[in-house]
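Below are structures written as structure tokens.
Next come two complexes built around chain A: one with chain B, the other with chain C.
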Partner chain A sequence: MSAVQAIPRISLLWLLVAQVLVIIPHLAHLPLWIVALWLVCAGWRVQIYRMRAQYPATWLKSGLTVGIVGGVYLSRGSLIGLDAGVVLLIAAFILKLVEMRSRRDALVLILLGFFAVVTVYLFDDRLTTVAFTLLPVTGLLAALIGLQQSPLQQSPWQPLRLAASLLAQALPLMLLLFLFFPRFGPLWSLPMPDQRGVTGLSDSMAPNDIAELSRSDALAFRASFEGAPPPRNQQYWRALTFDKFEGRRWSQSSEVRWTSAPSWTPAGEPIRYRIIMEASSKPWLFGIDLATTELERTRLMSDFRLERREPVDQKLVYRVTSWPQALREPTMVKPAIRRVLQLPADGNPRSRAWAQQLKDQYPDPQALVQAVLQHFNREPYFYTLRPPPVGENSIDDFLFDTRRGFCEHYAGATAFVLRAAGVPARVVTGYQGGELNVSGNYIQVRQFDAHAWVEYWREGTGWTSVDPTFQVAPQRIEQGLEQALAGEQSFLENSPLSLLRYRHIGWLNDLRMSWENLNYGWERWVLGYQQGTQLEVLQKWFGRLDSGDFVLALVGGGGAVLLLVALWLFKPWRRERDVHQRLYLRFERLLARHGVQRQPGEGARAFAQRAELALPAQLGHIRAFADAFEAQRYGGAPSAPDHLQCHLRALRRALPIRLLRRD
Partner chain B sequence: MHTKLDACLDAVNQILLGKEPQVRLALTCLLARGHLLIEDLPGMGKTTLSHALANVLGLNFQRIQFTSDLLPGDILGTSVFDKDTGLFVFHPGPIFAELVLADEINRATPKSQSALLEAMEEGQVTIEGATRPLPEPFFVIATQNPVSQGGTFALPESQLDRFLMRLSLGYPAKAAEKALLLGEARREMLPRLDAVLSHEQLAALQAEVPKVRASDAVVDYVLRLVEATRTQPQFAWGLSPRASLALLAAARAWAFLAQRDYVIPEDVQAVLPSVVGHRLRERADPTGHGGGTLVQWLLREVPAL
Partner chain C sequence: MAVFKQRWQRWLQRRIPPATSVLLTQRRIFIIPTRIGAAFSLALLLMLMAGINYQNSPAYGLTFLLAAVFVIAILHTYRNLAGLTLHAAGGSPVFVGEQATLRVRLSSNGRAHQSVALGWPPQDLQHFDVPANGLAECELIVPARKRGWLRPGRLRVESRFPLGILVTWSLVDLDQAVLVYPRPLAGDMPVAAGTREDDEDQGARVLGQGADDYQGLKTYQPGDSKRRLHWKAYSRGHGLLVKDFAALAGRDLWLDFSELQGDSEMRLSVLCHWVLSLSERQQPFALRLPGLVLGPDNGQTHREACLRALALYGQENVR
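Right after this comes the complex of A and B.
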């Protein structure tokens, strides 16, 4: 037997298993060589256990460390930041495996493993991932249990069973903490994982941009309504507007980017709902026109878009109140009007000529708009996800030659023609429609629901939305993209595995809906259970309380729980019986400080007799205490702890003061 | 009453010199209504102790020398046909005495040993269908020689368990032996010993013993001791409940003899070696005599408070 305690076989086994399970959810953002590193280290470790290999020498360990750090730097371009930090953590977690000699080392490794599990949540907080992380936690617990067991333990299942039952027992506590533990704001902000790869609306629009986006079935956001959701053809989820046209590309002018909300007047019935937004890495939020929210650090901008001060890097839950019939910006100053009439100096001559013709024909802007929409309706225009390419004069090409386009073509062309005809107009992008989950009463909006439409302005009535796509493909608005593209078969043609393609198979669709319901519940009730929601839930249960009351109640509740635990542990109702024992312990400690120490097998009387020999000067006091103790504890004399205490005090006074034990 | 007990101890100590602890334990055993096994070499005073105890306590004394041809009938008694009356008349055996010395009990066959041990346990004897009670008080002192093992039948553990205590007298101290050599022959002194206690007084004393108070704290200590023998790896087997009962009874009697009406852990410790020594075996050597070291371990390691 070596001096250090060896690591039991079972523990090592579970540690290896747990390590694989810890690494699996990280794989998506780890360089591949980490897997190779793990294989080498695990093999090495097993060989060490079989006594076929040595522990690594110091130079080798140093070399490996430097190599790993260099590798992380090469593959991540930095050693700082979440991404590189996690790679370093996992690498350390793996390297420690070969260096592990004693139980203490194994303990370090296991604790490191728990930490590595937690870091998974920074990258991925989906229900499936979180459920999966229960596996490495169980494995690590089993390794921890195996570490405490005899090295002769044979069955690896027993620690696993124990670990699983421990986890199950921890469940109620976990629920309690989840419900009641206060959600503090972050003490420091962590740079979140890079979200640049996220698909979504961008801050400019060229022909085909939204068509590209429509190939993705990624979730954009979910909206859950308090009452019945508005009809589908009114579900225009605004994101942002483009008021600057540069011949091909629509974008935001710098003025719009900075100025905040103009005047508007609420009218009609408001719609209230809650939006659970996926990370978009963009600052704008979604809502039906005209949307207001009480979310902090969020403003209504000059074009009635909702914008947060920082990009949405994580799931975001916010409440929205929408006023669909609100009167928006009935008056505008000249420069602002000029801005929404701006067009490039030249280009698209045919469109401009047509616009001029329309303007002459319809002096009233409303009639002119209707005429443009009628044009799309009557002429042979087609709605397609595969529009033919357009040339330098993109509007002309589309309007008069190809006549095939996706929503951005129609919206862009409409806005152009309106501006050319002197009607202030702009393009709005966002999402339209979405899939209603009936059992959950929420709407799921995916990237393929991305849409673009047009707003025009008139003195007095303000902004009015019109959708030219509706004239071409009313199915897109009333039923959705899949139906609108039914003839073309281009819906999600690049993702053959997407369940959304198989919505016509009843049971599969039901299954998908239930799964989405589950995910929705997870996001809404677990991930979305933040400070505000928590307070709301607690208020529902315990009546009105503000955050001060809440903290007070929490401290009180926590105190009460601790008190119960303490009561259960220390059992003060049993103290009365043991008061003699406690006093005797003090007597014992007092004498121990003076060099007389009781042996475990030594009775009170024998000890007192020995102490009397060692401290003859205090004989009387020692005997008095011992006799009183004996009489009360064994002789059936009435319990009188104060009497004992009295003797003890007398003895302490008689003894010289000494605080430390004399050896 | 206690003065009489002290007088008894003094009287026996006059005869058996330098063996005060053993005499005290022997009297403890008797007060606790248990039987005594003395394991020692020949000539160490086993018979003298038994005889002196019998005389001092006013008990009639019988000695049975166990040999390999001893039959149960020789211990219990037999019925003999009486020519004059034409009836079988029961002739009680030597066991019908108040203090019986079973000398060299391991020399007899297991059959005869069992006859004695059954009588000890039951307090009565059944011969030819008739149950005859043994006298009250009834006290057996058995002796065995631990050294010469040839032609002996060692008592099995189950039988050993029936003796409340096992004592070993050991060699006397030098001074005690000198006094023995200089003094009068013990055999002549014995008949002159007067009974200090009457039967009634002895019965009354024995009845007092169970009334000695054993507090929870002491019972917990006994339980800790027993628990240790059952759980610690060095013990071949643990103590039986009969052993824990015996331990508490002996501790009560010891406390009573010390003129205390309650038991303290030291009482338990005083009787522990003689009460459990013959009931314990080391796991490493289950047939040997490891009881002593195990008892020392118990005394040292089991928390007394």
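Right after this comes the complex of A and C.
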């Protein structure tokens, strides 16, 4: 090949287009200067193509490289890790554009581009994003095709069309591979995308924390039930518990953090469901009490929360079996009881006094709890997303002065009063309710469904959950946050574009529901198509499968698909048009075997005459075929291949059998 | 190694016998991945690793999509060559040291074929596009290094279109050959004038057409030199006449191989030079090579016969 093969114009054009398309879905997690870098590099490259600029000198290239590595370090704080790695990859992808001289360089750029598309998926695997990335993939393929074209080709659309049709033809084979290619667990662990920006429950709770979270309509998880979902007022999704109170903030004591599940006894009917959890960057999972799962590296902890050994940095699918009527921890050791009775030494004197008064009045803990709940119901308490600020004695301020609060205020105050009255209690946070998608039979739980409630302990009956918020705003539990806040108009007030605000508009809501169904299907069947799901799905369709069946399916199915595409591409039935020519070739080969070779340039008639002389015994048959061929092909006689075939067969029968070919 | 090469050649000879026109069919087309294809596969492997380690379905999906494109590209790459017919379209003789041009006609019986490369490795291949149901006339250049028949061997037809990750090729023998004349080399004229017995004869024996002596006028016939047209007669309305010259037999030029010194290639080169220059001057001459005498005569046919004899002197497969 010649020294340096220039890059054809069309290929360069598609490469530039594809590069923009590759970078667009990355923009959410790239520093902005990358865009400026791209603009400079693309402009430079175009000028090089127009011979108005030079390729960068070596010193400039090294300078740019050092500058960019420095820039990545400054904006990401590190050069290792996925985030910095992707920025470096994109920067290399952009810089290579300017440096690209030969077709080989262009090829490197195209392959880098494909890899950059894969890194998009690590950050964002929504259906829309993945569908969008088909555009850069098509563009990169078009650039690859452009590299192979001769420079005389002018139409930039032709390679694009070809690229699109290649992709379309590859689709069936891709689906086959996707279904049957065996899925493994990770081979080694790699840095995960940074999820620091993710909103969600945190590992401590102060007044207003959950109210803050309720402003977000981001998805927390979806749950799909095998049978009918439990009624809404029983959908309490536990995430974690707080047993340590420090005057204002509830958090977890270190003992609870490390010890695993105490005794519990299943009772009643279990509920089975599957949860598709969004990345939360926290290790705890969600489930209705009492939740058990067979997910690997996941334990039921001492406060009956599910916790995985590593944080959930990616979407996670797991199955849960819940025992709502289970008896939880009927006996507890002294130190553990002390832990759930712990209170700061001082502060909130009015609440403590009230607790003491309740304790005297109701010696039975259950009656005492009912009394506290009754209090919230009877007195003028209000459920609001805009609670007034509380001071140093936050519980006192809330209980006796402001009387306006969100769930964390009610839960925190209840747990405090119960403890002060000598009833072991703790705060539970998680989500409550969710939106049922009827056609999909699954529940979508969003951040604004975040909730806090209380559970108290009694010797013998174990833990019992109670929800003080229900006493104040039963709509919150039975219908949802939007209905509970109807009077206040504060539901999602900071996100006017959220479709969830317009649930009352029928058609819009239907549209939203269908879209969410589609996304749910995508997450469950495509994103969730890993080890477990693959086996489950394939066994449902094909019965039991072993590894041999996978190979068979891949090879056999692949061959069949390829054959279909080949048939479609080559259309062998079209070749029937030249049936005469084919029959004549057979005639020629037959005679050649008997020593009469057609000479180059010898006409059909001349050849037949020569053959008649060489094989006088078969004269009649040869002449019959030759005449019929001539008449049909050149003489304008109606085409009758059967007729020709008949003559050919007669001739073959008339000729003596020759086993040996004469070459 | 040599054994394998020979076997390969024999196998090729059976598989794709020499012919002036070859239709590329599946029996005659081979296909393998290129180095680009290997790089592409490596990239796919990396993408698959990302898919496995991040348990990321879209990454799996894209990897499988591109892997499927690779497989589908086999069909497309093959299709870009299949159904193409190559016809030998001749070539003109050249002198040693020049570039011989061999013409090949590509014809499509259906779809368009893009960027089909032709040539004789290790030389660079030349790329041609063939329009749908159309023709492409290709002029392929081969350096002429030796006199005699230049047979460039099996022509490599290859195509990497559309993705470059696969190369499909065929080696066809279009039975093409170009005659290569010796390189002309100026030198003393290897002359033996006349025949020895006629030494006494001073007369001007007329011996057909020549350039030496004016003989009169004759009517023009196609093929006569235009320089000898008698324009004055034409202007007088006598029609096209040419001045007829006769060559003097006594001064016939005999270019004689044995009169020259040096090795035979050099002698042939000198003879070639004189054949060219005498023909240029329209002077009749005869060429005497060991075992072969041509002429005396002049004209285009004689010139070509002489050059051909020089080109093929001493070679076995004279055709």
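The definition used in the following text is that the second predicted complex is superposed on the first by the 541 of 663 C-alpha atoms of A that agree within 3 Å, B and C clash if a C-alpha of one lies under 4 Å from a C-alpha of the other, contacts with A are read in each partner's own complex, and residues count from 1 in each chain.
Everything below uses one rule, namely that a contact is a pair of C-beta atoms (placed from the backbone, for glycine too) under 8 Å apart; a residue touches a chain by one contact, two chains touch by 3 or more.
Fair warning: this is a prediction, and the values are worked out from it, not measured in the lab.
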**Request:** Please work out whether A:Y584 is in contact with chain B alone, chain C alone, both, or neither, and reply first, second, both or neither.
**Result:** first
**Request:** Return first, second, both or neither, reflecting whether A:F114 touches chain B, chain C, both chains, or no partner chain.
**Result:** second
**Asked** Regarding the shared-chain residue A:L141, is it in contact with chain B (first), chain C (second), both, or neither?
**Response** second
**Prompt:** Which holds for A:F178: it touches chain B only (first), chain C only (second), both, or neither?
**Reply:** second
**Message:** Tell me the contact category for A:Q530 with respect to chain B and chain C: first, second, both or neither.
**Reply:** second
**Item:** Touched chain A residues, chain B compared with chain C
**Value:** C
**Request:** Have a look at where A:E630 lands relative to chain B and chain C in the superposition and call it first, second, both or neither.
**Result:** first
**Prompt:** Which holds for A:F542: it touches chain B only (first), chain C only (second), both, or neither?
**Reply:** neither
**Request:** Kindly classify A:P600 by the partners it touches after superposition: chain B alone (first), chain C alone (second), both, or neither?
**Result:** both
**Message:** Under the contact rule defined above, give the chain A residues that sit at the interface with chain B and also at the interface with chain C.
**Reply:** 600
**Fill in**
Counting only contacts in the complex, chain C reaches chain A at residues 14, 19-21, 36, 39-40, 43, 46-47, 49-69, 71-73, 75-76, 79, 82, 114-115, 124, 127-129, 160-164
**Prompt:** Along chain B, where are the residues that touch chain A in the complex?
**Reply:** 213, 215-218, 260-266, 269, 298-305
**Request:** Sort out for me which residues of chain A touch chain B in the complex.
**Result:** 577, 581, 584, 599-606, 630, 633-636
**Message:** Taking the touch rule as given, give the residues of chain A at its contact with chain C in the complex, in rising order.
**Reply:** 1-2, 107, 111, 114-115, 117-119, 121-122, 125, 130, 133, 137, 141, 144-145, 147-150, 152-153, 159, 162, 166-167, 169-174, 177-178, 181, 183-190, 192, 314, 526-530, 558, 562, 565-566, 569-570, 600, 663
